[in-house]
Amino acid sequence: MEEFFHMGGYAAYVWTSYGLAAAVILALVWQSLCDWRRQSSLAAELEKAAGGRVRRAAAPAREDDR
Amino acid sequence: MTTSDLRLAAHDLACIRGGRLVFEGLSFELAAGHALVLTGANGAGKSSLLRQIAGLLEVTEGRIELQGGDPELGVAEQAHYVGHLDGLKPMMSVVETLRFWGGFLGGPAEAADAALDAMALAPLADLPVAYLSAGQKRRLSLARLAVAPRPLWLLDEPSVALDAASVARLKDFMSAHLAAGGLIVAATHLDLGLAMAAELRLTREMAS
Amino acid sequence: MSLTAAQRFHAYANPARFMALSERLLAPLSVLTLLTLGAGLWFALFSSPPDYQQGETVRIMYVHVPSAWLAMLGYSVMALASAVALIFRHPLADVAAKSAAPIGAAFTFLALATGSLWGKPMWGTWWEWDARMTSVLILFFLYLGYMALWATIEDPLRAARAAAVLALAGAINIPVIRYSVVWWNTLHQPASVFRMDGPTIAPSMLLPLGLMAAGFTLLFFTLHLVRMRAEIMRRRVRNLRLARADEGGL
Amino acid sequence: MRRAFLALLARDIRLAAGMGGGGGMAVLFFLTVVAIVPLGVGPDRPVLELLAPGMLWVGLLLASLLTLDRMFQADVEDGSFDLLSMGPLPLELVAVAKSLAHWVVTGLPLVIAAPVLGILLNLPPATMPYLMLAMLVGTPALSFIGAVGAALTVGVRRGGLLASLLVLPFYIPVLIFGVGAVEAAAGGFEGQAARQALLFLAAITLAAIAIGPLGAAAALRAILR
């Protein structure tokens, strides 16, 4: 086991690589999910406040693509 | 604020802009609870006079003083100014804008909410300024008058871009300020129907 | 079958349909991603031999190469979506292009950083200005510039148009990266790590590398879906707010 | 007064760090400029090592110049500045808040980005702490000296270019001692020479913090009234 973590003397390089990859990927996942949650709760809040009167305007992107 | 004995006085004012004499020999006095409405043709110097009182433009000659005010403070620090430019940042929300100016001008923390109500901005509170129409932006710049109490209001065409309902609200807002002992100097073409208003007519002839 | 191809194309572009479809796809895609990445990691760290020349450092390859692959894939997705957005006015295309950029940028950064960590023990230097590394660095800047452009223009429709043009102009860099090793022999150090380009790879390494590449690719598309959904929501929020401003009087 | 100062500082940082603000852009510019050097002079490692301290500092100066012109101009254009000048803060302190905000959103990120660029330019790792320390000490001077240039060119069209011309000569001492500190460290004179350069750099920064806001406020008064 110790040999495994030792990585043939290159432990610092190998484990930094994997650690960095894990950190970047986790940060990306976390940020994406947070953004999704924030935007969808904002949208729900605004939709509730609008009470369905502005359904037309609530459609995302362009209207002419319908 | 004890505004009962406040008095805005201008003595023998002159204004030169870009080498051109805009006006000279201008004097007036304004007592607490009163408004002064500036009228006159374009270029007669209404905006220049307001900016001079606000300390934003050099007073070429004469002097302006606010008698009975805080002796520690200049006229500008006891005045609110609403000019042609709105001074708004598109990415800040309505309520953030009011909170910032409240904090910067030293107003009480709850004043931002009162300011929202004063110009009926509460439904727009969390919208970024970028989304507002011209009239809504104007209402926001006017709401700034309420974030920190200052006795003297200097308003340059405050009713521009406002609809009838907002103009009525502005009149109430201004009347309430006067009733509380404030002073208003406003340049406007619109009859604001203020009870305690005098008119100061600026003409080109004053320059000759 | 009365729909033309273009109409059908646009029917799938309908955000509501996209939201429904992506919601159903997301759970199985996430599970598949986790399984593939887990298996890939197992083989990469435990169940593969060290390289006879590079020793244990070869294990860096299993994150480095898939990252570099995603850097290119991300840009390709972005450029392709930008082209579709410009030509067909496809409503989802600019959402797809915008959402791909941060993921691509993150993996480009990872490719550069892990490359650096691999280069130090192998070449004795953190960084070498060879053609491949330089062009990947330029790719990184392109991603950042693309995101900066999106952030600067407030109106999403105008921002999409400008960003699409930028993405397409920058797409030239993709073949440059691919063939940089061939084209700029003068700059390139022959003893570089990138001999991976050749077919000289042991089967024992091919399995973990393949699994990791597949896992990273799945991760890319999972994240891409999540970000696209968030972006669509962001636009819905924007529209709702604009509607609110309309209602709030003049 | 402290509340007003903090409110202004927070607002400026938020505006600059947010959408389209100059902060991220300055770092990106810094990265690009420095990354272009090896393409121009060739990837020869000893040459790059020799050029690294100078190039890093020049890149830093250019990047912080780039964002300078918006310091007062943005507020003057939209009328915020009229209101700021009527507030409880004297213009000198407004200038301090704005310079400080400029440093936080451009100077500080540039210092953090510098070691990465050091690697790209083959700067020896041992000199990296000196590089960062020198930049940390030197960058506030750039913002505070720059404030004077930004104030002088307020209301001028294409003021950014003019501000750069006015300010660059005053950046030269920072450049000389900044590069000096890094080179002394790289040359193995960690102790005496590097410390001397750092002390000079600190003196320049202190002087800039003391004089810059006075100059900026005087310029703003003269031009805007």
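We call the chains A, B, C and D, going by the order they appear; numbering starts again at 1 in every chain.
In this text, a residue touches a chain if its C-beta (ideal position, glycine included) is under 8 Å from a C-beta of that chain, and two chains touch if they have at least 3 such contacts.
These figures come from a predicted structure and were not determined experimentally.
**Student:** Which chain has its C-alpha centre closest to the mean of all protein C-alpha atoms shown?
**Tutor:** Ranked by how close its C-alpha centre lies to the overall one, first comes D.
**Student:** Between A-C and B-D, which chain pair is linked by the larger number of C-beta contacts?
**Tutor:** By number of C-beta pairs in contact, A-C is the larger.
**Student:** Could you grab the centroid distance between subunit A and subunit C? Build each centroid from C-alpha atoms only and quote it in angstrom.
**Tutor:** 14
**Student:** Averaging over Cα atoms per chain, report the distance between subunit A and subunit B in Å.
**Tutor:** One centre to the other, that is 47 Å.
**Student:** Compute the distance, rounded to whole Å, between the mean C-alpha positions of subunit B and subunit D.
**Tutor:** 37
**Student:** What whole-Å value do you get for the distance between subunit B and subunit C if each is reduced to the mean of its CA atoms?
**Tutor:** About 54 Å, centre to centre.
**Student:** So which stretches of subunit A touch two or more other chains?
**Tutor:** As it turns out, subunit A has no residue touching two or more other chains.
**Student:** Please output the residue numbers of subunit C that touch at least 2 other chains, ranges allowed.
**Tutor:** As it turns out, subunit C has residues touching two or more other chains at 154, 241-242, 244, 247.
**Student:** Tell me, which residues of subunit D touch at least two other chains?
**Tutor:** Where subunit D meets two or more other chains at a single residue, that happens at 19.
**Student:** Under the stated touch criterion, can you name all the chain pairs that qualify?
**Tutor:** Every pair of chains in contact is listed here: A-C, B-C, B-D, C-D.
**Student:** Residue numbers of subunit A touching subunit C in their complex, please.
**Tutor:** 4, 7-10, 13-14, 16-18, 20-21, 24-25, 27-29, 32-33, 35-36, 39-40, 42-43, 46-47, 49-50, 54, 57-62, 65-66
**Student:** State the interface residues of subunit C toward subunit B in the complex, per the touch definition above.
**Tutor:** 154, 241-242, 244-245, 247-250
**Student:** Would you pull the subunit B residues touching subunit D in the complex into a rising list?
**Tutor:** 51, 54-58, 76-77, 79-81, 83-89, 91-92, 100-101, 103-106, 144
**Student:** Under the stated contact criterion, what part of subunit B meets subunit C in this complex?
**Tutor:** Touch list, subunit B to subunit C: 90, 120-121, 123-124, 127-128, 130-133, 135-136, 161-163, 165-166.
**Student:** Help me check something: in the complex, which residues belonging to subunit D touch subunit B?
**Tutor:** 3-4, 6-8, 11, 14-15, 18-19, 75, 77-89, 224-225
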